[in-house]
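Next, two complexes with chain A in common: one pairs it with chain B, the other with chain C.
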Partner chain A sequence: MAASSCRGVRSILWKYGSCGKNFCVSRSKTVPQLPVRHICVSSALWKKNLAAAGPQKFTLEFINKQVEEFEIGKRHLANMMGEDPETFTQEDIDRSIAYLFPSGLFEKRARPVMKHPEEIFPKQTAVQWDAEGRPFHFLFYTGQQSYYSLLHDVYEKILAMERHQDNMRNKGLFTSETKQILLTGSRWLLKEEIEEYLVENISDHDYMRMIQLMEKLLSMPYCSLEEEFILKFRKQLEVQSSKHEIPALQYDPQGVTFSVADGRRKTAKASITLRDSGSGNITINGRNYLHYFPLLQDREQLMFPLHFVGMLGRFDVEGSVEGSGHSAQAGALRLAISRALLSFVSEGEVEKMRQAGLLTADPRIKERKKPGQEGARKKFTWKKR
Partner chain B sequence: IILNGITAHLLPTYHSEGHSGQYYMLPPAHIQKLFPYGLPPRFQLQIKTFNEGCVMVRPPALELISYLKRADYSKPPLRYVLYGDIGTGKTMSLCHALHYCYTQGWLIVHIPDAHLWIKNCKELLPSSSRPSRFDQPIQASQWLKNFKITNERFLSKVQLDRYVWTKRESTEKGQPLGELIDQGVNRMKSSSDVVGAVLRELKLQAGGTTEGEGAFKLAVAVDGVNALWGKTSLKKEDRTMCEPEELTLIHNLRKMMKNNWSGGAILTALSQTGSVFKPRSAYLPNELLGEEGFDSMEPFVPVSVSNYNEKEFESCYLYYLDRSWLQHPHSRSEEGKKELIFLCNKNPSILERLCAAL
Partner chain C sequence: MAAGVLSGVRQVLRGPRLVSAVFSCHGQTLSSASAAVKSAPDTAATEKILNFPLTQPDYFHLSELFTMKDLFEARVHLGHKKGCRHSLMEPYLFGSRLDIDIIDLEQTAEHLQRALNFTAHVAYRGGIILFVSRRRQFGQLIETTARECGEYAHTRYWKGGLLTNAPVQYSPGVRLPDLIVFFSTLNNVFQQHVGIRDAAKMNIPTVGIVDSNCNPSLIAYPVPGNDDTPVAMEMYCRLFKMTINRAKDKRRQMELLKGISASV
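After this line comes the complex of A and B, so read on.
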């Protein structure tokens, strides 16, 4: 920074002789006897160009010091809250901070937070070269040393596997039916996740190449030898995506099973009782559903969950709903009926219902009106001039 | 054709509880004569589509017919009021009972919808006979034409009184009813008064107190009877609201509703669909008739009409299937039937609308 400003000054010096500031790097032989001209340069030139420096770099000692302070602070916090400092987990810290510093901010990320420095400070690479300026890693001058070293490792493994294969063939023990790695239920790490793992930026093209290389490794027989290495780059998907709370089955004094559930859609709240009595009556807010929903579309919404499961004439529905308009009320009731049905229905059916979209709450709400516009999206009339 | 219960051409006299849920066919000649405007519009469309009119025999209609069979006609007429939720079949039951009366040879005074007389009238003339009343020439002449078609055989009846219409026109004593009606149809100005005169004549003659050959029974059928005592949506020339009292037609009809004559029956049905200023959820007699109407109609025999039960729904469904009205292949299956039951909750009119779309 200082070097460039000096250069600028020196060029001015060269043209006009001396300058008004104290940065005179003057060598007597280069200063000609020319008339002096005062050049006033704005102080903006002397300010540091912050953007060009890149993200802020933290030294290793700084990070270590932060970690020590965090540990000590954790123990202090545990003492303050009256709990055992030895068994004070991160959830306890979050709870205590939320209690001591209650914040009314809507943005969760703006609230006060106390976490381990590793989660707060971004991961940075340590200094890659020694005191003489020689880099440690042999691939340093590629620019993306960890990425290319990973590719290099994978290729090494491929070669090793081929050699192993040749050995087995020579011994006559070659079989193509070897143990295959189970790949269902997991996916490759995303580009962002790879970047986080390697602590450097890679392009889409690089990511594709890496995945292709891994696939090549997988396609060879005997790939089960490298199973552990490959699984490091695969992420397990959630085993059961249908983690819905099934409402409990309750019993009436007459012995009739019933269940209670709620549903919401766009400010409309509905709450229903589903009874297994054998008639198909539906009462909403005390009125027959034929009167409450004169529109066919609303009644079809009510019919959908029962029809999907195939239990149309079996249940009695008693519901109360309030708020919003008729369509939203119908949607809320539909969600409530689907949730109540979960307790009457088997596991496979639950999965089918989830895939049909019966159990997902519709997140759409009315969009906020913005200033400078008529409505949420509509703009004022555009005048060319 | 007896198709799972359609007993064709069986007259309403022979209908009994055993026939409940089965369809019977209205003879086309009767439809043309008796019901030019009496049936609900959607049913008329259905008749045109299927080329025949089939009505389901249902308990409310059977009840009405049994009362009519057992009533004593030397006493003042009984008033029957059909009431029920929207679309449950009040008008259809009324028409069924009226068909029975027609086949028995009664004289039919049928007002298809009294609501048409209290709203959307283009011409409202001040009455020629009384200064404070208003006439509705179009509606009156329309009704007279229908009356003529329905009751052709009674047109040669003898009438009693002398009526003066204008300075030059008057109807003398002893002239047949047909001429009176023609008078009303031709001269639009006095048609409402003609209606009043006709009603009065019929009231006086219905008992059969005159010579034996002139004895007949009178059936007064009014659909949408709650229109007579509600509010109108018509305005006078000075932009104030009209009362039903001030309309000649309504006034005469109210006189008809009183049971100070003998030898007939008054069949009425309430209707919310055409009514003005009444909430949609109202269906009980005291809600729709109002206090005034309830007091004037008392005492009456209420007959409640409700949605289809299982058997009736089954019958209707099979009828539509038989006529190939349900085109969608899924509607023939059991699940399709369950869906239909759910969506319409066994309400006849909603079922009909639903099936029309399939």
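After this line comes the complex of A and C, so read on.
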């Protein structure tokens, strides 16, 4: 063929398809046709436009084949390692692969991995219509079927509630003092959470409309009938004070209760042991606190949590601290003492301590120096010219 | 699939109608279903099932669904004020009384009969019907009607390229509606609904309830009538639901008979 002889030149025959020789033969028999047009095409045009293709799509059969291969491979791997194929878990797979293919690469994601295809191939939306092409959902052609179907359902419930209200009025049983839904301590789901629930993207305006519709549902007298539905869209707010981890009360051989807690501030790490039925002695790193902290400000920091709960003379404090400077060490010790105190103190007191800021770790650290500047914030001398 | 649905229907039903847009072929659906139907084995029985209803003027007996008195009692004849009148609606108006335009119910009955007949034939052949309206008063009613007859509805904000840019708006290989029924041809700012123009661009036939302030030109089967009163809208919804259900039941019946006769 003409094309095979010269690379990079593709001759596109105008009318008669393949071979040039055949072309000459048939040409003489018919009416004179248009001549062959040689169009030279460079190899750059043969390259696929990868950007236009979008993310790679995998067919269902391909994914199913991958799942089959994974299952078979898992059994082979179990046999290789001498383990039971039936009870071979993902952790065992990871362990075996790390053993068989030891990799010194730092990037964990670059190391050899054997996981279920569900975790490797990105999830694609299932086809939304049946074999005839008819979509499954009746609001498919709106583009946002889950969102609009939700609005439709909520409005349906509002209408049903109005009908119920009318029925009650007709029977003379209508009262405005009906059971109200408890809404304190919960909030509406955020836009991101709604998007996750609907598996669809919605705009801010759409989200606002949805919340307005739910509020309308809540404003009706008989809204308690749909309580379960409404609470699906509300998230309980966690009580902040319940998040604190209270250290366990431990007992000495002598029967003295004590608790141990840690604290950190800048790079200072402190560990405190609070012993009950003491007399207010504070020992840090084996030395008396008066010797260790000559500055009054640091000693005040140590005393603040005990003074706040009013148990200054009750405890014996034994602490060890290392790193950073005196002020940071004092701060670390204060946090450790407050945490240790949690096990001796009531729930209400815990909340008070939290509000006083005793239980919050100070997040401030030394800001890094940036290039082109003297320090973190200080700039070099500015010269006008 | 869509080509098979509508090509036969249009040849018979077009008749002496003077229609503004000529639909040569409805070939814009981008699914493989259309190709599949053409290659499907066309036995004599299937052909008979599909073609026989097209030879009858009122195969589904839709004339018994409504009378002119029903239309009058549903206040379908009430149009808007004389100042709102669209000049192209004048042939459909009976006159005006106390400044309110009265729609000619004889013409309405005729148009409605034709529209329902077309809808029934489309539903019989398994076409996708989309109900569209931008009136918030009746959105819920129309969506419920669509769900009950197994068809589709769009009573929300109409995004730009839903019909004209379908593979991007939905997914590649989506099948577009074969018929769009407008329960109100205007949108919320009293302009013509974008769907009418888009359907005409994509060669999708439309049925529309046109009030005295609407433009009936791009609609294939206009039905002059009131689109503001709840009674009228409920009547239209009921009528369309009954026609579609009737047509689908008839199709199921014919398929069953075919199955029985084939096994015999």
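Going forward, the second predicted complex is superposed on the first by the 193 of 385 C-alpha atoms of A that agree within 3 Å, B and C clash if a C-alpha of one lies under 4 Å from a C-alpha of the other, contacts with A are read in each partner's own complex, and residues count from 1 in each chain.
The rule is short, and it goes like this: contacts are C-beta pairs under 8 Å (C-beta built on N, C-alpha and C of every residue); 3 or more make two chains touch, one makes a residue touch a chain.
Worth saying up front: this structure is predicted, and the values here are computed from it rather than measured.
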Query = Does chain B (first) or chain C (second) touch A:143, or do both, or does neither?
reply = second
Task = Report for A:290: first if it touches chain B alone, second if chain C alone, otherwise both or neither.
result = first
Message = Contacts for A:159 in the overlay, against chain B (first) and chain C (second): which applies, first, second, both or neither?
response = second
Inquiry  = Contacts for A:180 in the overlay, against chain B (first) and chain C (second): which applies, first, second, both or neither?
reply    = neither
Inquiry  = Looking at A:224 after the superposition, I want to know if it touches chain B, chain C, both of them or none. Which is it: first, second, both, neither?
reply    = neither
Ask   = In the superposed arrangement, does A:212 touch chain B (first), chain C (second), both or neither?
value = neither
Partner, of chain C and chain B, that touches more residues belonging to chain A = C
Request  = Please work out whether A:90 is in contact with chain B alone, chain C alone, both, or neither, and reply first, second, both or neither.
outcome  = neither
Query = Which chain A residues come up in both lists, the one for chain B and the one for chain C?
reply = none
Key: Touching residues (chain side chain C, partner chain A) in the complex   = 1, 29, 31, 33, 126, 128, 130, 140, 143-144, 146-147, 150-154, 156, 159, 162, 169-171, 173-175, 177
Ask   = What part of chain B is in contact with chain A in the complex they form?
value = 85, 280-281, 335, 338-339, 341-345, 347, 350, 354
Note = Counting only contacts in the complex, chain A reaches chain C at residues 125, 127-129, 131-135, 138-144, 148, 152, 155-156, 159
Contacting residues of chain A [partner chain B, same complex] = 280, 282, 287-291, 296, 299-300, 303, 306-307, 310, 312-313
